[in-house]
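Next up: the structures, one after another.
Both of the next two complexes hold chain A, though its partner changes from chain B to chain C.
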Partner chain A sequence: MQSKTLGWLLLAPTLIILFFFGVVPFLYVLWVSFHQWNPFAADPGMSFNWATNYRQVVFDAQFMASLGVTAAFVFFAVVSELIVGYLLAQAFMKDFPGKAIFRTIHTLPLIMAPIIVGSIWKLMTTPSIGIIPHLLHNWFGYDLNIGQSAAAAFIVTIIMDVWHWTPLVTLTLIAALVSLPPDPFEQAQIDGANKRQIFWHITLPMIRPAILATVFIRLMDALRTVDEVLMLTGGGPGSATRYVGVHIYKEVFPRTNYGYGSAISVIVLYLTIVACWLLYVSLIAPRTSKKG
Partner chain B sequence: MKIANKLGASVLALIVATGGAFADDAFWAEAAKPYQGVVLHGVTESTPPSNYVKDVLAPEFEAKTGIKVEIETTSWDQMYDKAIKDMEAGTGIYDMVYIEQDIIYAYLSRDFLVDTTQLLKDHPELKAPTYDEANFTTFANYFKGDKGDLFGIPMEAFIKVYLYRTDLFNDPEVQAAFKEKTGKDLKPATTHEEYTEIADFFTQWGKDHDEQLWGTTAQAHTGHPASWYEFFESVAPTYGVYSWGIDAGNNYAASVANGGTMNSDEAKAAMKWWLHLRDVAPPESNQSTWTEVATTFAAGRAAQGLVYGENAAWVASDETKSRVVGNVGVALPPLSDGVLADAESGKGYIGYYDGGAFGLPVTSKNKEASMLFLEYIAQNEVQPDWAVAGSRITNTATYDDPKVQDLDKKLNGYFTMLKDQGRLFAGAPAYPFHAQVREATAPIFYQILTGAIDPDTGLDQMAAKAEEELTALGYRK
Partner chain C sequence: MSDKTTSVDPLLHFDEDSPAAAPDRPGFLPIETNWFDRIFISVVIWVALSLFWFRFIEPLGPSIWISNAIALALAVLIVRKG
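Moving on, here comes the complex of A and B:
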């Protein structure tokens, strides 16, 4: 009993912080989402409008379009990061000259603020001064212009996200790979398993929890991408990279549409939870129930 | 004897001058006494004039008063986000906020700002002998309330001008080629047709001579409001479409059907003209905001363009940043028939008179100390160097300073144009819903730029969307 009380006492500071910086803001956003509120309207006050904002979201073609491009962005970005991150993690498991330096350099994007990442990629992709359009033109005769081509802009935002966040995946998977016991691998080799079989039947199942944790984190992060895309493309060309985070930003901040923007935020939070839950039930729950 | 007289007169003049300076210094030191230890916080856009405030005027003020001033210079979007959130929430983080001319009406409608005229009446001890509202140019009128009181201390003002490369326009070989191609003499355009001819000519010239040269700049970002502004504030007015095509006197109508002009034939012609210019502009144009347009011109990549005046000085005179120093000419933008007459009569305007002021948020905890700083930066004495650094003029006396007149020569008469013809330009219309209408219509505007929607349909949709937004905001009944 005493240790239980001590446990709660030790947890209390964290719970209090979580309550004030997590729960209270969420409840406030939820409250605002049921109001018509634009401080630069003729009537700048808040007026309760029931679920009008939520009804509006359903018929908002722009929001639906942004959901579509966001889903595509999240899928390609997270899958790419997982594959590249795993390959790099495997590479770092081996010894090679300059490994320490390469690993440090490889981790550098992770410590950069997203807005800086966006600035760097903007400089690298601007047609007149950017190294990437310059090289693509010289090597392949291709004129990269992300202000003009929707497909190019979309792909570049994915590459930028992969460049920024793959190190996180790599580091997580290195930790998982390092912690694997050697016995199953030795036994598999003795039994004559090849590399592909070892990967599918031993490595992958054993690092599955780490992979899923990484996917959850990246999924949630990618769904709320704002800064770097805003800096790189502003959501353009047109609405090609107006991902939900950018859409919400533009509704809430420049347009000061606080009520409607809050409703979209709540919807996106709900969709994120649903996406994570679906991922959980499809990948983890079946295994757990089999064991049970 | 004569030498002795001259020497004596010089010494006397020196004593009077330094005595005046000492007297002024004494005022700042005395007035600042109650505010020792205060740190003022300001937020502004990172521009040459704002950086001058941060790097030069703030330290000077601190040296004279002991009041520390921290100016945060950030991006245009962030500046607004921070200022509005602070004033809306009443947190009082900022003691001074940059107010661009077009946002002042929104701020006034929300009573965000302190009436500086009244503040000085209430606190005469704060009134600096060198500060006088009468020192300002007429640009200050944009920051006045209904009763004529000042709600923002002007810190920059400039016009968006037509810059052209004098070295190219005066090159005999280029002139001959232009004459051969068009049958006309090469000179700065006065009409849209002439401007297009010149733009097409130089873009082709660049291709033919394998040069990184195009015929015009275009502030045509496909995801940033800068392109929206270029069209509605700089291009549409030259076709006679004023105030964004919204008629405030007619229930804020935007569509032609309801009495507005946002989708008028003139607006559609303006859009098509501008889209053509974008197509013959350097490839970076569809990623260019106001800053990149100036950079493109300074890099020598465009023969002409509409460039914000705040950049004119460094483009024309700073060899560390610009490749076209000494080769920059200024002219009025090309116009449709009747637009100049509209501007002369006050019915319309020919381009954008941009600028901004520093305002005191009512939520500031250091209003009096902030007022001292704003008075400091408004003095005639600090203006000339600031004008040279940022090509901005807010005080009438600044035009006569030798340093400014020297720079005016390098700029081929930019300051003279600002002084004599600035009246033909205008700031943004007095709308309190500035960013709201822009953001509501911008997605359609960007679709026009990408070609997803044709210009005629796009402008029709924008006019309808603007009216829908104005109705939702409660301005349109």
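Moving on, here comes the complex of A and C:
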């Protein structure tokens, strides 16, 4: 009993901070989402309008389009990061010359602010001054112009995200791989299992919680990507890279439509929670037994 | 009380001794749930149904309150039998 009270006391500062910086802002956004509110309009007051903002959202073609491109962006970015991150983690499990330096350099993108990453990639992909269009033109005769080609802009945003966040996946998976006990692997080798069988039947099931945690983190981050993409493409060309985060930004800040922007934010939060929950249910939630 | 069939990672179930986390009985849902899980599922269905209603049903006439009533009935069913 005493240890339980002590536990709550030790948790209290975190819970209080989480309440004021997590729960209260969420409730405020939820409250604003049920209002018509443009503080810079002739009438700056908030007027309660029931669910009008939500009615507006489901008919907003631009929002629906942004959800579609966001889903594609999140899928390709997270899957690529998992595959590349796992391969790098496996590489870092082995010894090779310059491993320490390579691991440090590989982790550097993680410490960079997203706006800086966006700026760097903007410089690297700008035609006539960027290194990437220059090399692509010289090597393959391809003229990269993310200001004109929607597909190129979309792919470059994915590559940028993979470049920025793969180190996080690598570090998480290294931690998971290092903590694996050697016995099952030795037994599998004695039983004659090949590398593919060991991967599918031992490694993958054992690191599944780490993979799932990484996917959750990356999924949530990718769904709220704003600054990198805003810096690199501004959401364009057209609306090719207008991901939901960018859409919310453009709705809330230039147009100062706070009520409507809040409603979109709440729906994006809802979709994020549902996506994570579906992943949890499909991969690790314990199943009920069906008797008889 | 609980009817566990699979062993899962202890890190993912560190709070199983809390009343909200303890699965109480098998229901019609395919996964083990406690009352908080079932309320969460009900809220998820309520929001999804409301958005669907706004987009496809309300323009034809039926009020959103019908959707809310259906969602409430589903919530009661899920929380009691899920």
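Assume the second predicted complex is superposed on the first by the 285 of 292 C-alpha atoms of A that agree within 3 Å, B and C clash if a C-alpha of one lies under 4 Å from a C-alpha of the other, contacts with A are read in each partner's own complex, and residues count from 1 in each chain.
Criterion: a residue touches a chain if its C-beta (ideal position, glycine included) is under 8 Å from a C-beta of that chain, and two chains touch if they have at least 3 such contacts.
Given the structure is predicted, the values throughout are model-derived calculations rather than measurements.
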One more residue to check, A:Pro209. First (chain B), second (chain C), both or neither? second
Is A:Ile284 in contact with chain B, with chain C, with both, or with neither (first, second, both, neither)? second
So in the superposed three-chain picture, is A:Val58 touching just chain B, just chain C, both, or none of them (first/second/both/neither)? second
Touching A:Gly118 in the superposition: chain B (first), chain C (second), both, neither? neither
Now for A:Ile267: first (chain B), second (chain C), both, or neither, which partner does it touch? second
Which one hits more chain A residues, chain B or chain C? B
Once the structures are superposed on A, label A:Pro109 by its partner contacts, choosing first (chain B), second (chain C), both or neither. neither
Would you sort A:Gly259 into first (chain B), second (chain C), both or neither based on which partner it touches? neither
Which residues of chain A are in contact with chain B in one complex and with chain C in the other? none
Residue ranges of chain C touching chain A (in the complex, touch as defined): 3-6, 8-9, 11-12, 23, 26-27, 29-32, 40, 44, 47-48, 50-51, 54-55, 58, 64
Enumerate the contact residues on chain A facing chain C in the complex. 51, 54-55, 58-59, 208-209, 267, 270, 273-274, 277, 281, 284-290
Note: in the complex, chain B contacts chain A through residues 77, 80-81, 84, 88, 106, 109-110, 212, 221-225, 282-287, 292, 296, 299, 301, 432-436, 438-440, 443, 446-447, 449-450, 452, 472-475
Residue ranges of chain A in contact with chain B within the complex: 38-44, 62, 122, 126-129, 143, 145-148, 150, 233-242, 250-251, 253-257
